[in-house]
Amino acid sequence: MNSIGQIFRVTTFGESHGAAIGGVIDGMPANITIDLNRVQQELDRRRPGQSAIVTQRNEKDRVKILSGLFEGKTTGTPIGFIVENGDQHSNDYENIRSTFRPSHADYTYTSKYSLRDHRGGGRSSARETISRVVAGAFARQALEQLGVTIYAYTSQVGHIAIDRDYTKYDPAMIETNAVRCPDSEVAALMHNLISEVKADGDTIGGVITCIVKGTPTGLGDPAFDKLHARLGAAMLSINAVKGFEYGMGFDGVGRRGSEMIDHFTTDSNGNISTTTNYSGGIQGGISNGNDIYMRIAFKPVATLLKEVETINDKGEPTILHARGRHDPCVLPRAVPIVEAMAAIVLLDAYLLNKTVHI
Amino acid sequence: MNSIGQIFRVTTFGESHGAAIGGVIDGMPANITIDLNRVQQELDRRRPGQSAIVTQRNEKDRVKILSGLFEGKTTGTPIGFIVENGDQHSNDYENIRSTFRPSHADYTYTSKYSLRDHRGGGRSSARETISRVVAGAFARQALEQLGVTIYAYTSQVGHIAIDRDYTKYDPAMIETNAVRCPDSEVAALMHNLISEVKADGDTIGGVITCIVKGTPTGLGDPAFDKLHARLGAAMLSINAVKGFEYGMGFDGVGRRGSEMIDHFTTDSNGNISTTTNYSGGIQGGISNGNDIYMRIAFKPVATLLKEVETINDKGEPTILHARGRHDPCVLPRAVPIVEAMAAIVLLDAYLLNKTVHI
Amino acid sequence: MNSIGQIFRVTTFGESHGAAIGGVIDGMPANITIDLNRVQQELDRRRPGQSAIVTQRNEKDRVKILSGLFEGKTTGTPIGFIVENGDQHSNDYENIRSTFRPSHADYTYTSKYSLRDHRGGGRSSARETISRVVAGAFARQALEQLGVTIYAYTSQVGHIAIDRDYTKYDPAMIETNAVRCPDSEVAALMHNLISEVKADGDTIGGVITCIVKGTPTGLGDPAFDKLHARLGAAMLSINAVKGFEYGMGFDGVGRRGSEMIDHFTTDSNGNISTTTNYSGGIQGGISNGNDIYMRIAFKPVATLLKEVETINDKGEPTILHARGRHDPCVLPRAVPIVEAMAAIVLLDAYLLNKTVHI
Amino acid sequence: MNSIGQIFRVTTFGESHGAAIGGVIDGMPANITIDLNRVQQELDRRRPGQSAIVTQRNEKDRVKILSGLFEGKTTGTPIGFIVENGDQHSNDYENIRSTFRPSHADYTYTSKYSLRDHRGGGRSSARETISRVVAGAFARQALEQLGVTIYAYTSQVGHIAIDRDYTKYDPAMIETNAVRCPDSEVAALMHNLISEVKADGDTIGGVITCIVKGTPTGLGDPAFDKLHARLGAAMLSINAVKGFEYGMGFDGVGRRGSEMIDHFTTDSNGNISTTTNYSGGIQGGISNGNDIYMRIAFKPVATLLKEVETINDKGEPTILHARGRHDPCVLPRAVPIVEAMAAIVLLDAYLLNKTVHI
């Protein structure tokens, strides 16, 4: 299904080259003042053409809110929205109508549905994430009233990585460079790598780190809906994501339990906290109030700007001359998408947790 | 909620020291012949006391099927089942009634629910996974009729790891050692490490690799319900899991797109396949018929058999003397749980995919 | 939530006087040829201003499909659509901004959400049903390929009713009069009654009968999701509906079991059918292949075109001078809505039933 | 699916002659003190053999709670429960193994699933409602803390009916007779009718009226999940139910809007109420704080204790000699089931409504 969330439920629709991308935000709490400029700003962070290292498509991506807002506030009714598709070079894609691009969704969509809208990847296009960014921007404004803040950044491009300890970095630095990396020096190296890869007509992957601060205790459920399981599903549903970890993640498997325990402490006011946060803010699937930190792995995307051997839908060999304007590295534009998915999951978990007591 | 799946939906209940653990399997296809011995065998693979390197609790874990089977076949109606809790040393846990064990769910459960059944971890106990293994064993028998087979193994304990390429290993070797590692020599090293850790009253983490063979094309959905997002959520919902990756996962982020493309090829019968499988059997969120391979990171569990400083529910410092019989390393017993979660997700995706065409 | 259906899932958004009404149709089967003119025709049957006995608002209600169709066929991806709100006399409603209209949703919405969009009833406006008619028109085109046809008609207005036996009437007659009643003579009486009620500034209720022919056997689930429970919920969710019955309904409670049994018979080809259809096409919650027939009760709507005493949101008495252009009787325009809801439920049940066998 | 509810979600399993009937109550609020005797009392009101006018099967129907309770309180984790099936005369049903009983679910189940457990109706048996009564008894105890009370009674058997105005009757009278009708004189007539019908080996239908008092304002959703749509679906999912109405229901269709308006009034404390309650406590799908009243139509059940002509699963004619011990009229035993369904829906709606505001 094309929905996520149980209470705060986001449904998206739209193909890359259809009339519009859009969605419905259901379960948005009532009476929240919404700054629509900030919604648009999040879209602008995701927008193509924003820097030299991303795709040069000129998509304006202006959101229109169709319902659910009244005199600047949410009414509790569903928020319908659309973003019209402009600047469509559909002809750029005529050559892939009957061609299966390798490591794309062309073959699997055709297998599943018997037909597909091939233009710009159709439904498999990352333009679908526009709707997620809009929904996330609404969720974020509700979460801020609860003291929850979310930020993400590019922590690795190819083999160039900054330290895994997020506490070393100032989130205010993230937007100071096109890569969205809080370490300016490393950002410059990453930028160079992306430019180099782009010049080769190639692509490169990386890692985005995401942090949630101020989460109330109690969010998440004990069994299948552990908070990190929901976060993981949300992140893994972003195009090109191949891995997810939180807390110590894969690095923690080599350690002993005695090295990873987060000891409790009590301050003079009786407030309970832990002296460390190896757990990543979630214990037994439920938030404990500490920072939630996660790492999300993005593969290098498969659209190369060079000739690629492939087959057509009759199984015959053919040569793919990829046209279009593509991202050599999706990380910089994926940062607001990761934040949006975190916001969607967190607000849903917050609302669900309200139902634990009568 | 305590359910997973949209069509094949599994709901579980039960605390470690209550009368029984159990669940309901809804959406089980009708007319499938079920071998109940094989269901019990899966439980036996998960059972405590099966070897020297797991907890020595003596839990029989016999499953009773209460409904949904008639003369050896599924009827299409829900399958209710229970596994009675025996061998309960509830008094082992009296000392944690008002104590918060560090890096456990004691504090977060109490924050969320205001009270908790402290005995044996209550609902946060990994005994909940018994119900998953039962449900997975049903799913697996349906999947086998479709040619889908699933296996998992311990691929890393602490820093001792086998090669990431699963094709090097014979699944028939997995059950030949207590670690459930298909490389006997490495398994012996892992076994020694676990014994050593156990002697120290400590614990150790690791990685389980899971492979699904024979998946039909077309399983999974384009947006939020990408097949790997569902698999990831399922795996991340297992106790102690901190990370999930599929295909090239985190390792792929350092590579260029041109190194990771799975080129298509057509055999003499016109069947389409790919010459490599960097994608891990899923493209655009939808299975392409190749092997699905995944890696799941387990942290070292937090129950140490030594004194640990912690606090009680008043925030006062106290010393925890963990009693009970605990696993120094959960990996060997988690192998059948990982397989069960894969089976649950795959069967659900298969059934959902039947609704794409009228 | 603002969604209905488990596989074929329709989500709607929109207020009466917002920018647009719309929705998302998820789970629409792939590869179905869609005649968009027929979608628009269904909307035209629901449209205000279509006759002298309905509201004279001049709403064009043109549907725009934004996604999910490619070269005339459904692609299996979600169908986003909007219907822009035109001809808005928002000022007609300024007087009810702080007034609670009796027997409307003004008070309950304000209680629930703390605020409401008062213009034209906001989300509680029956304009929301536009989205249902669009979704139903898609469902219907899929169902027709399966041999399922649906029609409804006005069977009672006030105390003027036609015979309960639907087999006496020719569905081709329904659209021959503005009331949508298949008996022309009775339709004329109904028409007169509505005109009379309208002249009084009053309103009147009635009953719509709905018939589904050609339903395959096996649709519906045994327990909570009995086919008639789903149909009932769908019909009861239409504005102004106060009752639902199927088969013999309330009339059957006075009879003995021996008078109501549908005896089986077998034709020379071995096909099983029943000699009567007291059950209304559903037994044990599951369709048996016979006609499904239902009756849906609509109350007289509460918007009177005369002065009405009421209170404002401070609880103070005030006089309501209803403006706007309202329906004296909603039945004629509700006929396509009832058909749409039946189609939505039936297609969902059909798709779900495909998952019973592997 | 075999579940109902979005937050307070009840899943049931079990066949009439399997090992046990049972279910899982998920989303039960934490920290509610539960009186298990009252849960059993509700089951006893549903139990066979409780009077001369119901089936004489001797089913003890003792509920065992397996999880989710700790020291007398709910823990917020799922409540698993079973009721073992005793007194099974499975051989009574051997003759229907390959026979389709008319107006039963035998044919539709076989069509849907290809096989069925024929003993005692299998999953289509009304024994499934045991699980609903258990779940309802839990919901009711939570609702009582919120001031919500629910009662139902038999208001019609055959053509013998009491007044539709529920305010004329004292709920304390309901349990004073076996029919569960609050008017003792009419109850005696109903009793006689049932005895007469039973003597004829026949069955008779009727109507149950259900009242909910003390509902907070704000429960229910605007579009598909109107409170009465959810109540209607719940009631229609009970075996043998053919119709549902609330407020003025079908009787209201003959009236004019001006006769049915519930005028607002304000008391000296500023509390808003209405002077009448034609609406039945729900406006625009949302509760307004008034009494909710509903009527539910039950058909005469199809199991006659006389010879009935029917066919077998090969389509050949045969004579059915119904054995077993059956209800001539299900109304008396259905009263607690109706109450349970109301409680399940109300608690779910209450919990969902908590998520409207952050």
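To keep things simple, chains are lettered A, B, C and D as they appear, and every chain counts its residues starting from 1.
Just so it is clear, contacts are C-beta pairs under 8 Å (C-beta built on N, C-alpha and C of every residue); 3 or more make two chains touch, one makes a residue touch a chain.
Since we're looking at a predicted model, the values are computed, not measured.
Q: Give me the set of chains touching subunit C intersected with the set touching subunit D.
A: Of all the chains present, those in contact with both subunit C and subunit D are A, B.
Q: Would you kindly say which chain has the C-alpha centre located farthest from the C-alpha centre of subunit A?
A: So the farthest one, by centre of C-alpha atoms, is D.
Q: Hey, which pair has more contacts between C-betas, A-C or A-B?
A: Looking at A-C and A-B side by side, A-B shows more C-beta contacts.
Q: Centroid of subunit A to centroid of subunit D, CA atoms only: how many Å?
A: 46
Q: Report the inter-chain centroid distance for subunit A and subunit C in whole angstrom, where each centroid is the mean of the CA atoms.
A: Taking the average C-alpha coordinate of subunit A and of subunit C, the gap between them is 39 Å.
Q: Averaging only over C-alpha atoms, locate the centres of subunit A and subunit B and give their separation in whole Å.
A: 26
Q: Which residues belonging to subunit D are in contact with no fewer than two other chains?
A: 1-3, 6, 12, 27, 30-31, 76-77, 112-114, 123, 222, 356-357
Q: Can you list the residues on subunit D that touch subunit C in the complex?
A: Touching subunit C: residues 1-4, 6, 12, 100, 102-105, 107-109, 111-114, 123-124, 128, 156, 158-159, 197, 200, 202-207, 217-218, 221-226, 228-230, 232-234, 236-237, 242-250, 252-266, 270-272, 274, 278-280, 282-288, 297-304, 306, 308-311, 315-317, 353, 356-357 of subunit D.
Q: Inside the complex, what are the residues of subunit D that reach subunit B?
A: Within the complex, subunit D contacts subunit B at residues 1-3, 9, 11-15, 18-24, 26-27, 30-31, 64-68, 70, 73, 75-80, 82, 112-117, 122-123.
Q: Enumerate the contact residues on subunit D facing subunit A in the complex.
A: 6-7, 27, 29-32, 76-77, 142, 145-146, 222, 350-352, 354-358
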